[in-house]
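What follows is a set of notes on a single structure, which appears directly below.
For clarity, chains are labelled A, B, C and D in written order, and residue numbers in each chain start from 1.
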Amino acid sequence: MDLIANNKRDVKKSDGNETLLSVRNLSTDFFAEEGIVRAVQDVGFSIRRGRTLALVGESGCGKTATALSIVRLVPAAQGKIVGGQIVFEGRNLLDLSERQMREIRGNGIGMIFQEPMSSLNPVYTVGDQIAEAIRLHQEKGCKEAWADAVEMLRAVGIADPQRRAREYPHQMSGGMCQRVMIAVAVSCEPALLIADEPTTALDVTTQGKILDLLDRLQKQSEMSILLITHDLGVVAQRADEAAVMYASRIVETADSRRLFVEPLHPYTQGLWESLLRLGFSGRRLRVIPGSVPAPLQFPAGCKFHPRCSKGRSDNRCRSVEPELREVEAGRCVACWHARGYEDKA
Amino acid sequence: MTTYILRRFLYTIPIVLGVLLLTFVLFTVVGGDISVELAGKGASGETIDEIREEYGLNKPLFLAWDSQFINHFKNALTFNFGRARDRELVIDKIKRGVWPSLALTAPMLVGVVVISVSIALVVASVRGSLWDTLAVVVCIAGMSIPYLGFIFFGQYFLAYKWGLFPVFFRPDLTTAQNVALPVLIGIAAGLGGNVRFYRTVMLDEMRSDYVRTAYAKGLSTGRVLFKHVLKNAMMPIITRVAMTAPFLFLGSLLLERFFGIPGLGYLMVEAIGARDYSVISAITFIGAILFVVFNLVADVCYALVDPRVTLE
Amino acid sequence: MDFALKFLGILFVAVLPTIAGCDRSRSIEEPNEMVLHHVLYTRIAGLDPASTADIYSRIVASQIFETLYDYHFLKRPYELAPLLAEDMPQISEDGLVYTVKIKKGVYFQDDACFPGGKARQLRAQDFVYAFKRIANIKTLSPNWAVLNERIVGLDEFREYTKSCTGDVDYSREVEGLQAPDNQTLVIKLTKPWPQVIYSALADTAYAPVAMEAVDYYGQDIISHPVGTGPFKLNVWRRGSYVELVRNPAFRGELYPTEGQSGDAEAGYLDDAGKPIPFADRVVWTVIEEYQPAWLLFLQGKVDAGVIPKDSFDEVITGGGELTPAMKQRGIHLKTSMDPSTYWLGFNMADGVLGKNKPLRRAISYAIDRERFIELFFNNRHLVAHGVIPPMMAGYNAEIKEKGYSRYDPVKAKELLAEAERIRGGRLPVLKIAMPGASTWFHQYGQFLQRSLAAIGLQAEVQYMDGPAFQEELGAGNVQMFASGATASIPDAQEFLSLFYGKHAGAGPNAFNYSNPQFDQLYERAEVSRDGSERQKLYQEMELIVLEDCPAAFLNHRVAYVLHHDWYKNYKPHAFAYGLSKYRRIDTAKRAAYRELVKTIE
Amino acid sequence: MSEQGRIVEARPGKGAGLWLDAVRRLCKRKLAMVCLGVVMVYFLLAGFVYLAEMFDWRVGPTRWGEEVGQSYAPPSSKNILGTDIFGQSVLRKTLYGARISISVALFASLISIAIGVPLGAIGGYFRGFVDEVIVWIYSTLSSIPYVLLILAFAVVLRDKTVLGHRLTGIAAAYLAIGLTSWVGICRLIRGEVIKHKDREYILAAVSYGCSRRRIILRHLMPNVFHIVIIDFSLRFVAFVHAEVILSFLGLGEPNRPSWGAMINDARMELSRGVWWQMAAATAAVFLFCLALNIFGDALRDSLDPKLRIQ
């Protein structure tokens, strides 16, 4: 099946500059027993059609919460989007009804998750699970949807898709499950694919293949990808742009190449160094001292200051939290010490 | 599959043996002799001896070919349960009462399972909200209200005051009309505990990642719950049903008493009170067989609902 | 949702056949059909009179089976009249030989057990057979005890049946039971037994049963009664309901034309001389709980019923009258004395109680019987001042003045001090055995416990189920026990036999009471054929018992029964059961009530 | 949500850390703490009545037998919850009932744990023949209708003498409940032990030569014991109900008031409009069950390592 030819949605072909998704000042709170956790604070970024934005950060910094907020899947009992805007194809998702939102999920925005094995329903065949989304969004009959599902399996590179469609997730390997997940997510040709750590649970050789697959699908259908990862190597190779998240906030955004060449935020620098030294010199791994603070124990001021060589001794860093400012065209950073930051005040 | 079923059937033998042994020990060795009671007031020793002979109570308990235990075992296996204390054949007694009892308890079980699973799904989907807390409180209130409270209320208001149902069993009505109110009462009384149980099951299930995937596909809550979560939650549901279903044939004592349903609800309680050994061994034997059968059915059901389970 | 629907579908499909499978609808009654609707508060054991002894089985069986003699429906004091017998028995000088002429033209009910389904005539041999059948040990009849050592040769017959391995030969001669011809029955007693006419000849347990039926149905005779009575069994759904229909081959009887004074005013003689039975069908529904029985009565689905203890205030005013609401419904109240006495018995063989009369007396004085009756019987029972209930011949009208049953805590405490002196130290915790474990017995037990505690006696109550209670009682393992007795004949002998020394041990004398003086009087009374002499002896014996105090006598039951206006000829009777034939239904009134109910509720 | 819903493994062998952690987390739940408070009040009340009875203190609940008013007096300012048939205070009976009902449930729980946990652990750890026998025993027990089993035990045990002690109503009741209800916990523990047996930390313990006894007691038990606690908190409620059922069948504590006996006594009074005894006992059961259930749920959430939310 030719994914592009089958694209029924009435969308202008993009020139690569049109903004597909724009997140502005998004804040999401989670309710924990200990109190309210501000999992996403004032987050903003945008993704252009056909491009890949990587959202980078350590575990617990709010990446997944951001992703769930975008599709409004934060469970009502656990959390709530408290502010901001999520503009997708010109509409603010936060203003939509639940019914309209369901139309967007799976159809406009697809999602894949970190644990492919447990993210698929163990008691339905993979074919069923793909066909379900197709039936739902494309008003196709059972048979037609099933045929499409088989085609999707073929498209994500599964051999013998006819037979495989009738198998259950437990009969497949992790990599294959992730392919199936991708098939589920892209079966309705979404404009945006949110991939939440799609390769973390997989072994190294499979990781590359899955990312290649995503690349290929992206090229075929002009799909945008929000790639959530903690792996900077992936960012460097696959993303067009990157946003670095630390402690619920975005601390730096940039073109991924420039982020790589010239990180502005000390946190980004620290992340790069730990990756580079490991990769190129074989010297003792340099790690960022300390660890990500627990959401309820965020320090005052810049949340990174206790781990920052400059911030530790700087009174301003310890008392005033820097907001994200565009320091150059297409580059934003939130650090008092970043070059040119204060000029933009 | 066939070998599996065969093997499971072989496995029933020790269990049935165990059940027979346990009831035998409980009621003959420890529980005492029924002949005095059978003989009636002021009976002489000779009548008692005669009764002992008639019921085989004068035979050795264990260590002989003609012992009470061996006979008890032989009788059970040939479905020859003998006569109850009121001289009716135990097997006739059971045949006569089993249908009314099932007409009462089977819809009750189905009703309770279907309704409480549905409520549990809904309640679990709003976990942590005020509705959830309220549901838990109502469930526990329902569990705390004695069964008789439900019966008194239902019989007095629904049947007598408002005339929606017959107050008592009427031979001129259909069984469905006769059991309608008791079934409703049984369901109402059973909901509390069951909703609570299934809510826990559903909560466990809803934490799974595939639920998030299903939502991400754009499925509605109802579809996620009733298609994805429900099928995954079938295991504990099947287990619970399989544990209860074998004993449905015994009916429900209180409902049958209050609504005059000619079932077997009285059978067990009365048999224990009167030490009616033939009835007790019949019940336990049939119960044990059904229990094993239902376990087997449950195993097959597991394999049907969960592809990860195979019958090996 | 497809999966959920499939799941529900399968479950419902599995359930439907069970509901549909047992659909057997039948109509309750036609508008003008005369059907008696009664309630049985316990399921009945069986309809074979020989092998059942419970009162509810007897109530039903008595409509199907008939005896030689029966109580006159209206006359009081109770008197017997011939039923299957032609007239009253001829009794020999020595009181040992009874010769009874059997009515001609009495047929059994038609049944499949007879050749061609056509029943034969009743013969004297059928009575002989009925007695022998009870004597036959294989029948395991609970009714044997009454006949034990009474009829010449019958005990030998019983011995013979013990040795039988196969069928018992009923043609074997028994000297005391002879049928010289089809219409004559001769019974020879071993010693005079003036109560035989009540205890055996008028008791349904000894009613003639067709031999053919016993042979034909074997053990299942219990559910296939074939008698001579006005009704025959139509449906018996065990534990649910019994339905009798009018016996079309019934010989016919007439409603009594004379009664007691006041009967005419009460309307009991409205039907005098009319052929009975009136009812086309008689239905008993087994209802073990009071609430549904009461609701059905109020709905007019049941003709008569007892008042549930807890609905008493709704029905009866403080003055013992019906409440206006009940009167407005046309409901009638009938009260009647029951020939019963209830007591707290003492085991005289017990080391603590047996030798300590002051202790027993103290316990008796400690119980406030009036409060007991108020709490448990809505004030409707009578205080038992002695053994014999007031309605029976032999009742001592002055017994109340003797004060054996008075509530006197002061005296009780005095006696207790004396009791401790006899005991030589503190009294141990006493045990009371209760023959049931229901709420009622719990409260009863608590009442006794509290009564004893009030005079400083510690007691522990043991609640047992029926079998365990009997067993413990028989084994003499109890100290105190709550029990009672109801007379089955209008002669007080049954009550006094409970205190006869030779009945101690496993016999009916659960008190293990033995007093030579009493025993001597008892033996005299047993063979005395003179009613008034007997009654004098009974009163003497009663005083001996009260003096020795083997029991604290508590109460006599008074029955309160309600019935609807349309239910005619309802006169309470303490001894007879086969009364359905006298009852008549005013169908128009019944229909009107049922309409009325629809508007009030 | 992956961060929020991330599955975190229990730290193997470090029971104490898990427990401390659980307690700390539990303390932060207000509702759970309120419920724990309610449960504690019930237990303290039961304990207090027990002591008061033992030392013959004349306080309200131990004076339940006194006549304080008319028979069946409705609730009033004098008797807040009215009186029963003998004019005894329903309030005092309800308070006293806590002692009987809770001790029945407590002892029954202890008995079922004492039987079920070791059997489950042994069966699950050793497998083979021992396991087969244990499975056979509990399969047999569970294939007999529960009411029949409990009734049979109660009937058979009542008034029997065991080790020189005559079993009165209450002892027979908790023995019957305990002896018949260990199956559930045994099954749970067995399953959990089988799961843990092949985990690395147990293999490690085996490899450095721990005795089997030590492995079961020191390594396995701390990691499966939370199941016992959870099961206990939920089953306790079932036992209070079982006491009600036994009383209904006439096999409960006969001489002293328990909630079950009160409900049973009161059921017939309902139709004469005497609702207060039923209401008082039901409310006592309800509040206790509610508190214990909510607390049990919270305990489960904070103890069960699988469910711990980072």
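By our rule, contacts are C-beta pairs under 8 Å (C-beta built on N, C-alpha and C of every residue); 3 or more make two chains touch, one makes a residue touch a chain.
Remember, predicted model here, so these are calculated numbers, not experimental data.
Visitor: Going by C-alpha centres, which chain would you call the most central?
Guide: Of all chains shown, the one whose C-alpha centre lies nearest the global C-alpha mean is B.
Visitor: Centre-to-centre on C-alpha atoms, which chain is most distant from chain B?
Guide: A
Visitor: When the C-alpha atoms of chain B and chain C are each averaged to a single point, how far apart are the two points in Å?
Guide: Centres of chain B and chain C (C-alpha means) sit 37 Å apart.
Visitor: Taking the mean of the C-alpha atoms as each chain's centre, how many Å separate chain A from chain B?
Guide: 52
Visitor: What whole-number Å value describes the gap between the mean CA coordinates of chain A and chain D?
Guide: The computed centroid separation for chain A versus chain D comes out at 48 Å.
Visitor: Approximately how many whole Å separate the CA-defined centres of chain B and chain D?
Guide: Computed from C-alpha means, the inter-chain centre distance equals 23 Å.
Visitor: Can you list the chain B residues in contact with two or more other chains?
Guide: 152, 212, 231, 273, in rising order.
Visitor: Show the residues in chain C shared as contacts by 2 or more other chains, in ascending order.
Guide: 291, 465
Visitor: By residue number and range, which residues of chain A touch two or more other chains?
Guide: In chain A, residues 73, 75, 78, 113 touch at least two other chains, as defined above.
Visitor: Note which residues of chain D are touching chain C in the complex, please.
Guide: Counting only chain D, the residues touching chain C are 65, 71, 85-86, 155, 159, 169, 249-251, 254-255, 261, 264-265, 267-272, 274.
Visitor: Using the touch rule from the top, collect the residues of chain A that touch chain B in their complex.
Guide: Going by the criterion above, the answer is residues 31, 71, 73, 75-78, 102-107, 110-111, 113, 115, 118-125, 132-133, 136-137, 168, 170-171, 181, 184-185.
Visitor: Where on chain B does chain D make contact in their complex?
Guide: 14-15, 18-19, 22-23, 26-27, 30-31, 136-137, 140-141, 143-146, 148-149, 152, 196, 200, 207, 212, 243, 246-247, 250, 268-269, 272-273, 280, 283-284, 287-288, 291-292
Visitor: Could you list, by residue number, the parts of chain B that touch chain C in their complex?
Guide: That would be residues 32, 34, 36-47, 50-51, 54, 83, 86-88, 93, 96-97, 99-100, 102-103, 106-107, 110, 113-114, 152, 155-156, 159-161, 163, 167-176, 179, 222-223, 226-227, 230-231, 257-262, 266, 273-275 of chain B.
Visitor: Inside the complex, what are the residues of chain B that reach chain A?
Guide: Per the touch definition, chain B meets chain A at residues 126-129, 132, 208-210, 212-220, 228, 231-232, 234, 305-308.
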